[in-house]
Amino acid sequence: MKVGVFGASGYVGGELLRLLLKHPRVEVAAATSNKYAGEFIHRVHPNLRGQTNLKFMKSNPSKVINDCDLLFVATPHGVSSSFIPEIAETGLKIIDASADFRLKDPQDYVKWYGWEHKCPEMLKKAVYGLPELHREKIKNAQLVAGPGCMAATGILALAPIVKSGKIEMNRIVVDFKVGSSGAGGKPTLSSHHPEHYSVVRPYKPVGHRHTAEIEQELSILAGEKVSVAMSAHAVNMVRGILGTCHVFLTDPISVIEVWRLYRNAYRDEPFIRLVRDRKGIFRYPDPKIVVGSNFCDVGFELDEHTNRLVLLSALDNLMKGAAGTAVQDMNIMCGWDEREGLQDSGLHPI
Amino acid sequence: MKVGVFGASGYVGGELLRLLLKHPRVEVAAATSNKYAGEFIHRVHPNLRGQTNLKFMKSNPSKVINDCDLLFVATPHGVSSSFIPEIAETGLKIIDASADFRLKDPQDYVKWYGWEHKCPEMLKKAVYGLPELHREKIKNAQLVAGPGCMAATGILALAPIVKSGKIEMNRIVVDFKVGSSGAGGKPTLSSHHPEHYSVVRPYKPVGHRHTAEIEQELSILAGEKVSVAMSAHAVNMVRGILGTCHVFLTDPISVIEVWRLYRNAYRDEPFIRLVRDRKGIFRYPDPKIVVGSNFCDVGFELDEHTNRLVLLSALDNLMKGAAGTAVQDMNIMCGWDEREGLQDSGLHPI
Amino acid sequence: MKVGVFGASGYVGGELLRLLLKHPRVEVAAATSNKYAGEFIHRVHPNLRGQTNLKFMKSNPSKVINDCDLLFVATPHGVSSSFIPEIAETGLKIIDASADFRLKDPQDYVKWYGWEHKCPEMLKKAVYGLPELHREKIKNAQLVAGPGCMAATGILALAPIVKSGKIEMNRIVVDFKVGSSGAGGKPTLSSHHPEHYSVVRPYKPVGHRHTAEIEQELSILAGEKVSVAMSAHAVNMVRGILGTCHVFLTDPISVIEVWRLYRNAYRDEPFIRLVRDRKGIFRYPDPKIVVGSNFCDVGFELDEHTNRLVLLSALDNLMKGAAGTAVQDMNIMCGWDEREGLQDSGLHPI
Amino acid sequence: MKVGVFGASGYVGGELLRLLLKHPRVEVAAATSNKYAGEFIHRVHPNLRGQTNLKFMKSNPSKVINDCDLLFVATPHGVSSSFIPEIAETGLKIIDASADFRLKDPQDYVKWYGWEHKCPEMLKKAVYGLPELHREKIKNAQLVAGPGCMAATGILALAPIVKSGKIEMNRIVVDFKVGSSGAGGKPTLSSHHPEHYSVVRPYKPVGHRHTAEIEQELSILAGEKVSVAMSAHAVNMVRGILGTCHVFLTDPISVIEVWRLYRNAYRDEPFIRLVRDRKGIFRYPDPKIVVGSNFCDVGFELDEHTNRLVLLSALDNLMKGAAGTAVQDMNIMCGWDEREGLQDSGLHPI
């Protein structure tokens, strides 16, 4: 099958190319980048040197439509909603890794993103592409919206306990620690190495956009309005997110019961690993361990002292947090083994 | 004045030596280390090469008593309570940077540290050495217990808002991000560079000992029992702690009112800086900025969406989190300018 | 085919397991570690969680012989020469990633390692396992000695120019920058994160053992005694080596001629990439780009000002510098496609 | 004494401000930055929050002349030669940290920098501001040109052995490893944290401009033309440079003789420390140890195997490599104790 990547020069685009070039069932027919059109791909993604002779091409939707059977979109937020409607009319399957089709309520774009959505009628058709929650819908979707990287991290940690109803739904604190690749490939003062090395920078202590996604998805699971108190910190690493979710219990719960909830939820999930060990130094999820893999590691600890449950989740923001999940969605949409092209373990040490 | 440092080969001991060697009013008369007795100090603390010809000596309390007017203690937790009573009888002033005299209730040592305190009667005499809370008592104390590094970070962020009574006292979440020097100078698998680089390791998601100190001090301020839901994460840096404190408001409060509370509390504090900027990349506290200095930067953000106040504080765990506060305590105990020997700014970039 | 890994709990052992578990033609039948016998493999190599249920077993050569068709050895230097002779008698194929069979002259072990070799007669039978130099011999070897990580880096950069004879053979300076995983998995003060972060530590400015290998292999190519002035520095990363080789020209040479020499040498090599770009930020080899891959990137620059040629090479010390080359050797010994199980590109950014 | 800093918003400018604000004999009367004119200094140099209320002002030479007794210049290379002649006419003392007055031969600016010097007649008047070589001239200089950071590192390592005449003067290899602050405060793709983390990037394997300075100064010492084969690598740290200098001996020399040469050269130097230890983990110079200090640590090792002497030097590029030496020059020019304001030790660990 022929696939194309729109916006292929960014970090998510590069990761999509890395995965798709070695995927046994697809061929990359187009990789667009207006900035780098005509350049070899390895100029921008040096890890792909020797893996392909493909060059970037201009972002020409009609040409891409003709060449491809499925399209990945990795353009900046706010861009894809202007060209996806046209592409969608052709029936082409689309997986959009940007934020443009994640939220169901058009008003949420005004509130969280500050712009009016250009094609609000398409929001209902789009499926939120987190396989662990919406696998059945993804199977038949034409347009899948890949989750935000922090949103995926938070939702996967919280889904089972929120669904259980055993926690205070308006006292959920989610504290994220994020690598620098999450801010994208464009140099800024904040990402300048001398300014970013050794930081713990609370760059978005309140008001982060991914709050909207997390609340949207958790509210469906809870059957009531869930509110999430989210904060995001930049730390000194490149890939990876750790989400620390602090929730307060309404009913007492035991460690065994939490285990059971999570095992039941994720038993058959190929990319969720439950991590809670009594020995060794990696007792809980840690992004270091999942770099380059499509795993989301989930763990927890009970704090009887404060009647709190701490849920921990770690993933690679470019993999399970973006390109990996997008490829997983493609596998589901095409009826293939969901794990195809995604079976690399992480590296250790790294 | 002659001072001695007990346990001078650890990281806190080394930082005490660095500060005391350049302090205009003291002379370092003794630096003990059983492990390195007879070695030049710069063998262990290479930054002090050329700053002193002092050598480590055996930990001989009676000799140190004769040579010194004031004693700093930086031994591992659980050690100083076995020799401080003997020293205290001589009337020598003591500043203990370890945990042995921080808690008032002997039962808290059993609960949080797992051992019976060896001289519980001395706990009442010891003053908790956080100048911002106990300056007057420190002035006349014989035995000062330096605060834990995370405890200081959390307390300084929370004290004004807790004292105001405007928050839920049993839904306080404190999420710490800590550099590797916080775990001390002894190599372990967990601190092995290949295993620690790029981590976000939730090494103590619940049950951290500093919880006891934070609750003790905040409960005094609140006039009621405060409970703190604390989690600690190791990140890829050496010095520094960021505390992110998530609290939920019982009464509405404005940004201006929060500013006022914090300005009133810290206006005259030489080492607290309020950081909340609308421009630039360092809008909130960040440990990167305070490395090597005695500052604790404190900032905040209001989250109307969840009725939450996020309080942020950053300090250098070896400075304001240990040795710096210990020297500040000495300055207070001796009636000197509190800032003497502690006026270095941080380095930027670093 | 069934393979075993002797000394599987170290970093090279872990990387061998990662590669072998996904290799399409082999099954890991045994992974030995006396220290961790009985433990699940993911306790030590957390990236392999969910990839295998194998446990470490005691290092029992006779049992391993029965279970396996080919044996990888990743024990510390000086260990394998005591048990390999016994195993070799059974005819089992062996790939030893340690130093014990790399040098041809038994006296070199005395000079560079400080011990008498236990079975000097086997040194001649062992093949130095760098495919780019000894592919034909590896095909039929029973015992292959995997090159040292820095040795491989240096030899691959220098081989074509040394073979050309156009440089001063006794003024070759090789300056290595090495990640922390190169020193192995055992915590030491030098590898303690607070002591290793941000270092550029010249830990072996002269006298590094890999000098012997580099000189042995280059002397063969040159047809004369080559001497190498090697220095090794530890830097703040986990995986990877950059070798900067400064050589002085005896005859003038043009950029085009250097290109030709290297292209001719490496044209058909699946894991050597020539990197010398006029644009972008990755114009020369950089270990960052090859982490997790089996590539060795080689580049160069001519310095007319000093009549110098600078040769640059980068590889992942655990991959092309150890486990990757070992698997490549296995592929050659077994007559398989040399690239099997080794085709991952690096990750970018990382 | 009143001093001004021209170009105060860059990293060297910020470091000058940090040093000058705490210097006991000077007052900072002006800090210029066209980009940030009107902004508080701590917006750009967040470490200086609370240390000064000074704001940046426009770069108005005539105003600065009236306000100041001595001027530091930290503008980008090629800028100061256009305004310093005008300032110099007033008799004001000037310390220029940029490259504009370092080289004596105007042709060297054409060769190494690619531009014609605007006031070649002033090059002779300017003194190369490395106190260890030109202290006497600096005392009476009006215009001092601060050395380049790598140049200072290389010269201080090589000066005594070059002066001794015991080495091959055209086979000197200097291999630098440099932190990211060396490239300045302006974000670029190459300095983008995701692209710079974990690199060992040979960004200038040949042709680096500092070669000219090193050759100029060493040739004076040698009394003959010295040529230097220099290569520069970026590594994953912010501050610091390690220079590894590989030289080949023409006469045999013993360790004791090298010690004697270096001790004689640097015995009375307040900021040179000889570092060559038989124990511990910091046996040789390492930039990690000198961060924030004005020390240049120099060490060495003899390699009898290749008849090579390896000289190692480490300094903080913003301190001894720029601002620290500039302040040291001021102290000398003003007849003050050379160490004033520069006595901080480094931090450990950091």
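Every chain is named by a letter (A, B, C and D) in the order it is written, and numbering of its residues begins at 1.
In the analysis below, a contact is a pair of C-beta atoms (placed from the backbone, for glycine too) under 8 Å apart; a residue touches a chain by one contact, two chains touch by 3 or more.
The shown structure was predicted, so the numbers you read here are calculated from the model rather than taken from an experiment.
Student: Both chain B and chain C are touched by which chains?
Tutor: Both chain B and chain C are touched by A, D, going by the contact rule given at the top.
Student: Consider the two chain pairs C-D and A-C; indicate the one with the greater count of contacting C-beta pairs.
Tutor: Pair with more contacting C-beta pairs, A-C versus C-D: C-D.
Student: Report the inter-centroid distance (CA atoms only) between chain A and chain C in whole Å.
Tutor: Spacing between the chain centres: roughly 36 Å.
Student: So, what's the distance in Å between the C-alpha centres of chain D and chain C?
Tutor: Inter-chain centre distance comes to 38 Å.
Student: Taking each residue of chain C in turn, which ones touch at least two of the other chains?
Tutor: 11, 180-181, 189, 194, 197-198, 236-238, 282, 286, 291, 349-350
Student: Flag every residue of chain A that touches chain D in the complex, lowest number first.
Tutor: 11, 179-181, 185-189, 191-194, 196-198, 236-238
Student: Using the touch definition up top, name the residues of chain D that touch chain B in the complex.
Tutor: Those in contact with chain B are residues 11, 14, 18, 21-22, 43-51, 181, 185, 238-239, 273, 275, 277, 279-280, 282, 286, 289, 291-293, 295, 297, 343-350.
Student: Touching chain D in the complex: which residues of chain C?
Tutor: Residue positions touching the partner: 170-171, 173, 175, 177, 189-190, 194-195, 197-202, 205-207, 211, 227-229, 231, 233, 235-238, 240, 242, 244, 246, 248, 281-282, 284-288, 291, 301-303, 305-306, 308, 310, 312, 314, 349-350.
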